[in-house]
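Next up: the structures, one after another.
Here come two complexes built around chain A, the first alongside chain B, the second alongside chain C.
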Partner chain A sequence: MSEELVRLKIDDIDVRVPKGTKVVDAAKQAGIDIPVFCHHPKIESVGMCRMCLVEIGTPKRDRSTGEKLLDEGGQPQIEFWPKLETSCTTPVSEGMVVKVSSEKAIEGRKQILEFLLTSHPLDCPICDKGGECSLQDLVMEHGSGESRFLLEDKKHQDKHVQLGDLIVLDRERCIQCARCIRFQKEVAGDPVLAFAERGRNIEIVTFSDPGFNSYFSGNTTDICPVGALTTVDFRFGARSWEMDATASICTHCPVGCNLMLNTRREARANGRQVIKRVMPRQNEQVNEIWICDKGRFAHHFATSEERLTKPLVRIDGKLIETSWKKALEHAAEGLKAAGEGVVGLASGRVSNEDLFNFHTLLKSVGGRAILSDSQAGGELVQQVGVGKGTDLGALGAGDAILVIASDLHEEAPIWWQRVMGAAKRGATLVVANARKTRLDDYAGHVVRYRYQEAARTGLGLLQAITGAKDLSKFASDEPLKSAAKALTEAENLVIFCGVEGLTYAESKSLSDVCAAILVETKNVGRAQNGLIAVWPKNNTQGAWDMGLRPAEGDLEKAFADAKAVYIMAVDPVGDDPSLAESLEGDRFLVVQELFMTPTAELADVVLPAQSFVEREGTFTSGERRVQRFYPAVKALGETKADWRIITSLAASLGIELEDSSAAAVFLQIAEETEAYAEINYQSLAEFEEQWPPVGEEDLYYGGTTFKNRQGLGVQVAPAAEQDQSLKIQWSAPPEFKGKKGYLLVPVVELYNRGATVMPSENLHPRLASPVLWMSLKDAKSIGVIQGAQVELLLDGRTEELQAIAEEGIPEGVVLLGRGLGVPIAEPQYVEVRLKA
Partner chain B sequence: MSLMGILRGLWAALLSMFELLRGLWTTFRSMFETPVTYQYPEVKRPVRERFKGRHVLKRYDNGLERCIGCALCAAACPADAIFVEAAENTDEERYSPGERYASTYQINLMRCIFCGYCEDACPTEAIVLEHQYELSFTSRRDAIYTKELLIVPVPEGGKPTPQNVPVGMFNRAIPEMKDPA
Partner chain C sequence: MQIPVSEIHEIIDREADDEGSIISALEKVQQHYRYLPKEALILASQRLGVPLSQAYAVATFYNAFSLKPKGKYCLQICMGTACHVRGSPQLLDQMETKFNIKAGETTPDHLFTLETVNCLGACALGPIVVVNDEYSGQMTVQKSDALMKRLIRKEGLD
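Let's look at the complex of A and B:
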């Protein structure tokens, strides 16, 4: 970005802004409001609405010499342009004079508003935007107060157009600002909206099938300056002023988007406080002012009535409701009897406080705490993760990003969006995967490898970068070489390392290789550089930081060796039914959960936990930013926060854990975890002003995204910031073992059918289907016609599925979404045959 | 006791006798006046047209509810007495014209101060403070008037809600206003 400053005068205030700034933004920076509808600070301006009209003058110059002409006072003479200008499309220039509040400008804007209102319905009382509507606000401030147009002349248009499954359009309310269209094209990379017709008949249409199927569609409702776009989730749910707002963090993926939960007591829910809508909360370094539709719509699990509300113990083979005291006593007895033979299993879905207590408890009894998320590299992120102050939004020309073994669009949509943005700003994007993903379209280098060769491909890159002899057997071909060159030349390098198609062992060697590449290219230990693991859960990194480690692919054995198993926030049996056997028998099983999962059904004691909206805590995002979330609604039934349950259980075992508050547990975390030493609940709640301004009086400028007043979180510095001499030992991946049949690869689908998605019925029409994807060639050889039923033989089970052949899928491989009802733990060889 | 004292006593007695008679006279006289009091509850004094009593929710002639669930009454209410929850109409199940209706409407009459601001705020003249003033409750819960209690009966010729109506017939939430000129 050019730092050349330009001086101009806006309403007699001297302003200095970087060259290229638009007048409207310059005014905003100087604290002068110019009303806008179509301009948005995050989208290219087009000058559609004419709301931002101002008078603009520039210094008069002598035609022959080009010198500025001065008046008697020695001041430059200003020549005002003959007409009012749109300040959103006019870049600043040296010596420019802008009049925002001159009579002419005010009158001009008044007329524009009058025009806009000629066809606007009188909908404010029933409009979801009422109370936070730009048109309402600007008419109150700049409008004329009375109409000279005949109401009978209003143009009436469709009021309930189901633009997509999640978004409803009211054509009458639309003021044709094209913010939604431009957002989809520029920010979301999903140009599925457009104008149709012309003049007064102009209307918003979608041309995707199914309609408006972007993962970012909800954001258009935030930036639509009127109530033309509404979500099915919130539609007529409440008036904007009636709700309370609580800061939170999204729990659906490792991006850790900042949220605001709007809640209200509801008669329909028997007077319970419920979440009416989920809104983005500004954090320019994490999610800017956007969130994906999963974060926005898949919140119903957290307040679902299907949740466990009371502790259960197994008596005579049946799970019976009981009191906390009895349940805890019973659980403590069982754990005590197991002595050191206790195995704990937890996922990265719960907070740092929960995981810390969990780990401490298991350590104290001499047991083992296992992380269920089967992906390696947490300790590497601790060493060479992205540096403090990393902002993907600042990556651009000269920088490089490598995305390997991950489909970011499905796994972490906001990262996808930010990586795409960086690529558009000129960063070199290298996408390495075994199949085509949506990021390929923005990639400078696409590296295609065969499943099971991800780590080898990484080593090939490393070889091309270092030229190391011991790597020569991985020597790379041309496309890999040029990708390696791009990575080496980059000023800054961020690597996103995923786990698609990898076993745990493969994931381990791939993450080693990624870390080694960063170290070799010296892209560690500073902001905008480092490793980001695309974790399966929102707080997997936090779980590593709290000391939990994966079972390295040997969960079954760990269970089999255990005398008692304590499971928190994960459903191993649901994910892999073959594990049921190893959990049955006289192994004592305690399950701490939100729902009655298949694992919980096997338990001896079931402890009902609170969801993230009912309690406070912290999560650590994939970029290793520790962020705080706050309690938004009253807890359901007798549920308790996970960390508190563990504290009580520990007390029954004679172990003393912190029991006063989550903040106090965090103090202990800070004491025992070096990287977290400087962090506490106060520092996590600190914030600063961010650009663009959102969520205040001037909603018309940035949209209805909430301002962040509850904390931007603290990014933890990787060890490499202290120790530059770090060496990473790469390991050769396990040998490729040729097996028979097709390689079944589980892939991530954003809208899966897991327990945290299903309770959100709005998303049901968008859920991914359990279909088997295969290459056209394989389909032919199996004899599959598009959509035919096939049988899948895995783990001695037979699953019946629909098969769909598609281009871009490698041969010999079949893909199946995770969490769609067919459990698959790791990639494995299967037999596929046509259903008789 | 001096003579003076006796005289003074007599005079006082006389005076009080006079007062007594005057009082009795007043009482007697009033027997022939028309009474200002009413034999409540047998007889009720009619209230003024603009009297603000208990609210009712109005209907249109065809039976559709006027209330569109906008909660502006609740927003205007200084006593926070009103609670509205809205839902969306369909042509098969239509409660009010337009898209939105009140699925829950409650007024806590123990909070209400009968100021009538809700009436002023209502864009469809749905909520009106009428003439009912006999409000006594034996429990707090009884003081909360629900939509069922507040809404007026279906007028003659109208149909009860929800109605199954022809598609697109009632797509305006707020009745078109006259040209202001």
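Let's look at the complex of A and C:
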């Protein structure tokens, strides 16, 4: 470490910490606990709560010479400051002496606690935070045990303030530490909370509409040192000590946030384990100690009553419950009859083990395994993905990030938060998109292109970077040139490549260009550099790594050519009803799913799968970190893990696949996949100490985020780390074909109405509405008044929608959220007219 | 009360410099309208790049700002120790009766607002009554009655 170290003494222990460290953190690093409420290691200190008072002394100096004065023993004389100081705001200095456990300091803290309790209701027996409450713990340890304050003078305030749809505030319990306010401002980039009034009347208020609608709001309940902020999901749900904790990985987006599932056996569930809450688990390289609200609240699908619990086969046109044996026999018969004409379709929602077995089975019968996620670039991530050891949280001044064709705030909120953080630390952020997104506010360079010109814009950047002649037709002026200059000058470069507004062919072209930029600027093959694809599913990268490939935009033909179709964890008919035709008829259809989807309704055999909370496995994140998740609850009904269903099905077909455990399947993965060669379930479970310390006895310090003792996962190195001579061939995007009407572009909304969100009723008030967004000018020419009903003509059907005009949306384009009940597979031209 | 947005814009623009000028901008708005209209808070937060939450926090923190319309005449009676022992409670009682409002309230015609303050730092002159920044010391019930009459006459209400 090149940082300058400072020596000081805390309670007679010698400590050496980097210059600028606050006394409280220095003490923590030396293993000395100074109690805090308002201080949090991830947020700027303000010294509001006064809990961290200590005695601080500095060496006495001769006023004329500046020399340190020594006592008779030759030791420096220490002059103690007249009053107790807040250790969270005082930076360390050379020779400083800190007394944490002196009589004066102890008495000071005792009095602060007495003050804090004068307006606290002490309703611990009914408080959700009871058992993991900083105030409770610190009063037990440092409090005086009795109060001199008159009970009648206690200030009573509102106890059930619905701060937002997801967060409830108890004003009496609040000790005004402002952690939530500062978290929203500094960490979440969404300053919607504030203090109103002052003194004893001070209270937390929200200033968004709807109230407290930040995507990160749940984290405030983790860092709230008391029970003032609680979630609607867990409120009055259980006591903290009653619950078991199981490590897991979030399945909502490719970030791969580390989770802890808190479960409890409940009588109303017939003694079964029930998931009571989802908590973040520390992984400083992935999600630090935060998770987004979707990860926290949208877990109910995994244990929903609507799940499939028994295998079904079609008899006389109807799906009838049957035994696994009969269902597998029937499925095997159908697949056998199809010979090599079997097509498999799977999404990146399921684990590597499932996808590996799926691919192996399809390969063995001579069929084809298709990945349903229509985004290109998986093989490029394998080559020039981010290097081993990449930590977005360490990007800062001198580094650059390019985000293209993606709205990270909606698609992967934690990446958005970390990219924003990097920009705040001084990294150059280039945001390229066809419309305004929330990341624009933090961008040094905003590049605006027209939908369908994303790849051309990328090529323009490449041209400006390389000056290549064959690219000259893509050459462009400002602001592309200055953005290219910034990317070239950066020491490290990470590119987030999305798929907004792109067809598969355009996505292929754009990801090629992104990879080419990285290679040309030599930002590959090392940590903090490389390509991150913003995948539509949590394990899409894993699916690529397991050998699955997209249908390149022609799923319909693949189905039409098939004699039998085997579909796992995806609902193609729900996403695109026109596909139903190609799946019907005498084509044999096996669907392996959680829910009775529109696709499953067409199936000849339906196989009920387990959700991620009932089984174990591994996911590979967008940063290509392989991470393990563990079974938290007992499996529902007769459901089985996907990989195991495939093994059984393979056995019925006379193909032998690993059937002992997920770990054994992973050993096979490691054998057959070069990049995974060094990984096994043991190495995935390895962990090391991380800073800041969280989730231990000292919950007051970092909050109730869980400490990671179950594994930090292993990041897979891209091929570029071995082979520096890599060349990427860029491809020209498909020619722009002028068509009539408006270009309908599907965009991602975090709270969509998909099968994995809808079972979480808490989120219903926050769900995105199926509205058609358009530019002000287009609204005028169509004759739309804000909120009017319009008709959308696509694929021969008519959809009725509400239209909203907004600034920042390009002309000639209408936007509609994905998964909101109106299926749209790819951008397409549509007719929009006012409803008669 | 209908307030034209452009007028608020003008006031804020005169003070607009950076996010540090929120207090002076709000002060000018307060002086002009004798309170902070909701629109002014929203406009100031947008114009100065300060989150609305923070603008509201500032507006509620300082006593100089009011979110409710104040009267044309703001009567402040000092309730500090010195003024208190010299009889300011009687003055307050007298004014409350006269205007038929409680301390902290405004008359329905938006002419008079009655407020108590805790010390004005001029204890030797107590009891003190302040009318729109104009101090009157050593007040008695008679003197305050005359003061109120004068204000009422000025407004042509007697």
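Assume the second predicted complex is superposed on the first by the 834 of 836 C-alpha atoms of A that agree within 3 Å, B and C clash if a C-alpha of one lies under 4 Å from a C-alpha of the other, contacts with A are read in each partner's own complex, and residues count from 1 in each chain.
Everything below uses one rule, namely that a contact is a pair of C-beta atoms (placed from the backbone, for glycine too) under 8 Å apart; a residue touches a chain by one contact, two chains touch by 3 or more.
If you're wondering where the values come from, they're calculated on a predicted model, not measured in any experiment.
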item: Partners on chain A (chain B, chain C) - clash or fit; value: fit
item: Angle at chain A between chain B and chain C, C-alpha centres, nearest 10 degrees; value: 80
item: Contacts of A:197 with chain B and chain C, given as first, second, both or neither; value: second
item: Partner chain in contact with A:185 - chain B first, chain C second, else both or neither; value: second
item: Touching partner for A:126 - first (chain B), second (chain C), both, neither; value: first
item: More chain A residues in contact - chain B or chain C; value: B
item: Which of chain B and chain C A:205 touches, first, second, both or neither; value: second
item: Chain B versus chain C as contact partner of A:152, first or second or both or neither; value: first
item: Minimum C-alpha separation between chain B and chain C after superposing on chain A, in Å; value: 26
item: Contact footprint of chain C on chain A as seen in their complex; value: 181, 185, 191-198, 205-207
item: Chain A-facing residues of chain C, complex; value: 51-54, 56-57, 60-61
item: Residues of chain B that touch chain A when the two form their complex; value: 68-72, 74-75, 83, 85-88, 98-100, 103-104, 106, 123, 171, 173-174, 176-181
item: Complex interface listing, chain A residues touching chain B; value: 122-123, 125-126, 130, 146-148, 150-152, 156, 159-160, 235-239, 241-242, 266-268
